[in-house]
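Should a chain be cited, it is by its letter among A, B, C, D and E, assigned in written order, with residues numbered from 1 in that chain.
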Amino acid sequence: MTLAVPNETFRAVALSALLLFAALFVWQLASTPSGGGRTQGLPGPAAVATVTWEMLSEPFYDRGPNDKGIGFQVLSSLGRVAIGYSLASVVAIFLGVILGLNPILLKAANPYIQILKPISPLAWMPLFLYTIKDATGAMILVIFMSTLWPTLANTAFGVSAIKRDYLNVAALLQLSWWGRFFKVILPAAAPTIVAGLRISIGSAWVAVVAAEMLVGGTGIGYFVWNEWNNLSLTRVMFAILVIGVVGLILDAGFTRLARAIAYIE
Amino acid sequence: MTLAVPNETFRAVALSALLLFAALFVWQLASTPSGGGRTQGLPGPAAVATVTWEMLSEPFYDRGPNDKGIGFQVLSSLGRVAIGYSLASVVAIFLGVILGLNPILLKAANPYIQILKPISPLAWMPLFLYTIKDATGAMILVIFMSTLWPTLANTAFGVSAIKRDYLNVAALLQLSWWGRFFKVILPAAAPTIVAGLRISIGSAWVAVVAAEMLVGGTGIGYFVWNEWNNLSLTRVMFAILVIGVVGLILDAGFTRLARAIAYIE
Amino acid sequence: MGAFLEVSYVSKYFPDPSGRGMQCIFKDVQCGIDQGTFVTVVGHSGCGKSTLLNIIAGLERASAGGVVLDGKEIDAPGLDRMVVFQNFALMPWMSVYENIRVAVKAAHPAWAQTQVHACVLKYIEMVGLTDAASKRPAMLSGGMRQRVGIARAFSVEPKVLLLDEPFAQIDALTRGAIQEELVSIWMRTRNTVFMVTHDVDEAILLSDRIMLMTRGPEAEIAEVVDITIPRPRSRTSIIEHPHYYKIRNHIIHFLVERSRRCDRPAEAMSHHTGGIHG
Amino acid sequence: MGAFLEVSYVSKYFPDPSGRGMQCIFKDVQCGIDQGTFVTVVGHSGCGKSTLLNIIAGLERASAGGVVLDGKEIDAPGLDRMVVFQNFALMPWMSVYENIRVAVKAAHPAWAQTQVHACVLKYIEMVGLTDAASKRPAMLSGGMRQRVGIARAFSVEPKVLLLDEPFAQIDALTRGAIQEELVSIWMRTRNTVFMVTHDVDEAILLSDRIMLMTRGPEAEIAEVVDITIPRPRSRTSIIEHPHYYKIRNHIIHFLVERSRRCDRPAEAMSHHTGGIHG
Amino acid sequence: NDLQAWAADAPGKPEKADLKVGFIPITCATPLIMAEPLGFYKKYGLNVEVLKASGWAMIRDFALNKQTDATHMLTPMPLAITMGVGSQSAPFLMPAIENINGQAITLHLKHKGVKAPKDMKGFKFAVPFDYSMHNFLLRYYLAEGGVDPDKDVQIRVLPPPEMVANLRANNLDGYLGPDPFNQRAVFEGFGFIHLLSKDIWDGHPCCAFSCSKEFATGNPNSFKALLKAIVDATEHASDKANRKDIAKAIAPKNYLNQPVEVLEQILTGTFPDGLGNTRTVPDRIDFDPYPWHSMAIWILTQMKRWGYIKGDVNYRKIAEEVYLTSSCREVMQAMGHKAPKDNMKTHRFADGKVFDPERPEDYVNSFAIRRT
């Protein structure tokens, strides 16, 4: 009487594997075998897998300041992101709450936010290098600039969109300013704020790679640049994969956080 | 009996002007006067205004291949964005609708989308330059990669979140596949799709500046790169402003579009 | 049995919320509706009224049993059945006019533009929304929106009209007005109508026959009440009818008291006719 | 006049939708509510009932006139008045327990944790939600949510309880049960209650006195009906009372017919006592 | 000049032993780089960390921001920085050149048929920096061949390491770049060496060792030790017998990140040119630390010629301020190397033109194509 529902997850996983195989197959076809000639073609999946194995089997070697294992590179990028991102998040949430609670201030500040937001973080780099006189500081500020806006915009929006009802209840209960802030405003706007934080971590990750490609030294972006200079496509592709996976993990962290603080109205 | 409501817009504009003056004042203080000596400090607002006036008074000069007006630079960047962005949008909307209508396919493709999404568009650059063997093509593909994901994700989400009711009505009325697509699916998901397109145009604009800094030749990103090589901070700041304003205009266009296709449930 | 719309031993199972098993929403529901009558199902929230209506509409499949309309078995949506939804289900990006036109065009693909136009206008006029024809649903009050929903449903001229708590989201006072309008439209058209509601007054005002459904899970139709109060009926006149409050009290009593026990073993379905109950 | 809660010549103007001017929502509303009575305002949607209630709550300011509670003029929200909102207005990120605790702590900042805990539990038990105390509102049915809203309002022990269509979003059948619960809680506590609704049955079941409001703009209280049906009342018993349907029909008649005319020149406010009306 | 006498003194203890030295991954930087793996820095009591930068603008900013103590620079850069051209103005010193020659014009293979500048109209060229010998030599070559470098071709700035990929991507028709990127394009099979820079001006300066005046005067002992290490390394590199070992030493990822084979071809001067020929040019790249003032003056004439500096230029004064010719001579002599006696000499170009450093203004005005 009841039809056996085919397991959806199972079908999705099977399809997923199928897609992967198809992609690898096409890739293999597209890649030119790196034969006897010197000119490398596009490396195939096997070559990338070999490099991946090599690099991952020794992620933390250190052969001088310009040659470190992939683990060090990723950690150094993540370190920069951590600093720039946390600073930006604190500032953005703070400003966002203020703007969200003051519609007129929001309206007044909006044009500037709108102009500053679309500026490519890399375009800031020369200016920051010049004014801060420190490459790492400049990179961190670039990350700061790339992450500030999404969080700021989302916080301001989230706070300004808090339902009147909740604020009314806070008023009826005569909550203090801090009580209102921590018991009502922050939890009510939390899902929107975290959505902003999640977009921001994506921008930060994009920005750090770009900044490191420009400034060099350490970091996964530098790794890409360095391998590109050696025309070592296989390693560039490996680095692209690493960037993707790390980005995925960062994003997944925020998805979990979002789930934890979500509420259903 | 009725209080005269103070005009909100007026107050916002006044506050806005105040913020601007405060910012200019702080900037002026922070900038070192470029006195008699050759030492340039951080250029002040006046210097940037002068350059802005100069550059904008003759935006379309062409003094040989190495020296073109800012108008040409912006147009060339916009041209690249237009191509990469339109291609990506068409592909993303098409794929997004397919994924949105097939939950299992969406689930299967999701891990790959999640890995590809956070890859810094600039990291693709070496790969594209190498495989396509065409710098303009590579830049366009970089823009393509940077704009694909937001539109794809939003379209898939928008389509999969269409209220069952609308699809039920379509089923009751026995609409054809195309009728369903154009009369129900597309308009119902349009706000979410346009939100994706709007995020995408932002990423595209960020990506083109970064790409031009790396492989340039023309474009506003190349302009920044060139002026950085010359350490002409005034022009770098002018370029940053231009980037911001153009980004603002692009964004405003999509805000208008969003308003046009929005509906209230 | 061969009524116009014949629901035979229809059961529905859904995956239960816990995950694994299946849950019986209702079991062996059985009823026949004659052409031109207005039949209502009244029951508690969650007993499966909407599910039953969706099965008839073809939007949902029965787990067992079947539905026959005018001699043909139903297993997919079709233009011979139209639903008026509780939440209106109007396309919010279309104007009132367009919402109805899309239905008219679907029902009559061969019609010329002018013919479609005339038909759309006719139904807009029927529900008195001529002035609001170019407005979007969001600009209308709940009552006006449901008028559009009703006009859309009538405009495809279906064999059966299915109403799923059509007035539940309309505020109590305007609800009365639109109910009376529906009565008068129905008096003119005499469509076959299957309605679902939990508003007892509404059911009495509109129906020829009311079916009372017990609470789920394993809900069933426990009683059928024929409403013999003569038509035309209106909100103010109907409450003066001697049977009105008797019927009303009987149904409320059923819903409050008797429907609670869904484990009573083998109580035969009882059948009442307006006013004679006990 | 010196009633416990005294609303004197309160008017409210809002910017009208077109933009420029101001629109009078209601004008010179005036009424006194004695301590321990349950007073209800019934009127059409949009006539300004919520606005009036919000003015009493201190969430909105009157354009003219004033409200005096227990001898003190009201111009801001305070813990002496609590509102039960139509859409519950529970914090969705807090459990039932936390929603009530935040109110109890606000009302009694000096209390120790254990005292607060005991008080919260008492009110959760009062509305029979002990089992659901750790659930979030989203996991509860509409009826359960409003029980939380009621418990929260009672938990601060306000001088006046303000109910804004508290049951409008609860389905018709469970609505009855929670209304009866409210009746029984009120019978024990005998709070002063000001309720707003457009459900006539609800008003009759709960109130000592019903004020009928005309349609806006420039709405006013046109009639006051005292409900003398003896307490305790229940849904099933009240409909057997000889006056019940008379009062009901009178009020419905007012709402359907007479409230439409808001331009009648100087009709004095009429005052009826349950059952004696013309 | 207070800096001249110290060279002969016995070196004191370095004020600052842990130094950071910036470099661009090119063979010109050989002495600076190999001094680390081959232990020259240690020998003089220094602990040097060499930092790779992505391009010359970055090198300049590192130097100006004091993120590096001393750097590998292009010979025109300290002049430009001291004058504040294309830079913040800060006095910089250039006590030693690293290499002479070592550049080439590389073209994409599709331009196989190109023989002379006149065939290059409409080309897109890259040079590593505006203030580079690469730029001035390319402009000289084109202009003397009748092609206006500002009007007839595009010359853009591109970090050397990115030149190969851009050439392959058809984003460039060619570049006048530093090695190994000329030879790398040949190695990869899509470029050929059109002309070695040696064939424009044999013995031209290329890259140099430079630091701020502030560092040199503030840390005289460190500065001296550093200079000695670099002179020592430069002399070591100039010995052709050492070249194969050097190629191995600088190939790893920490330094140039290039195949050893390519570096050997460059450093030994036996290399395929990409058109099927194997050429032998032992001084294709050579190493000589001696910073002639006349070289600085030639560079300044070119900056004047192409409009990078305007108005009157005190050629001699700037050259003397920046190029520490006498210091270098003293150090070389103290270390037992031969060094020229003069600070200036005339330079002869491959096209037969002669540059007389005593009459720079006449030299500028002698050019048909110029921006003055």
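Convention: a residue touches a chain if its C-beta (ideal position, glycine included) is under 8 Å from a C-beta of that chain, and two chains touch if they have at least 3 such contacts.
This structure is a prediction, so every number in the text was calculated from the model and none was measured.
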Q | For subunit E, the least number of touch steps when starting out from subunit B | A | 1
Q) Which two chains are joined by the greatest number of C-beta pairs in contact? A) A-B
Q) Which chain maximises the distance between its CA centroid and that of subunit C? A) E
Q: Could you give the separation in Å between the centres of subunit B and subunit D, each centre being the mean of its C-alpha atoms?
A: 51
Q. What is the distance in Å between the mean C-alpha positions of subunit D and subunit E?
A. 87
Q. Of all residues in subunit D, which are in touch with two or more distinct other chains?
A. none
Q | Overlap residues in subunit B, where contacts from two or more other chains coincide | A | 126, 130, 214, 228, 231
Q.
Show the residues in subunit E shared as contacts by 2 or more other chains, in ascending order.
A. 57, 88, 162, 165
Q) What residues of subunit C sit close enough to touch subunit B in their complex? A) 57-59, 77-79, 81-83, 85, 87, 89, 91-94, 102-103, 106-107, 136, 138, 156
Q. In the complex formed with subunit C, which residues of subunit B make contact?
A. 163, 165-166, 168-169, 171-175, 179, 183-184, 187-188, 190, 261, 263-265
Q: Using the touch rule from the top, collect the residues of subunit B that touch subunit A in their complex.
A: 8-9, 11-16, 18-20, 23, 42, 103-105, 107-109, 111-112, 114-124, 126-127, 130-131, 202, 205-210, 213-214, 221, 224, 227-228, 231, 233, 236-237, 239-241, 243-248, 250-252
Q: Report the residues of subunit A in contact with subunit E in the complex, numbered from low to high.
A: 37-40, 63-67, 126, 129-130, 133-135, 213-217, 225-231
Q) In their complex, what parts of subunit C are in touch with subunit D? A) 44-45, 168, 171-174, 176, 198-200, 235-236, 239, 245, 249, 252-253, 255-256
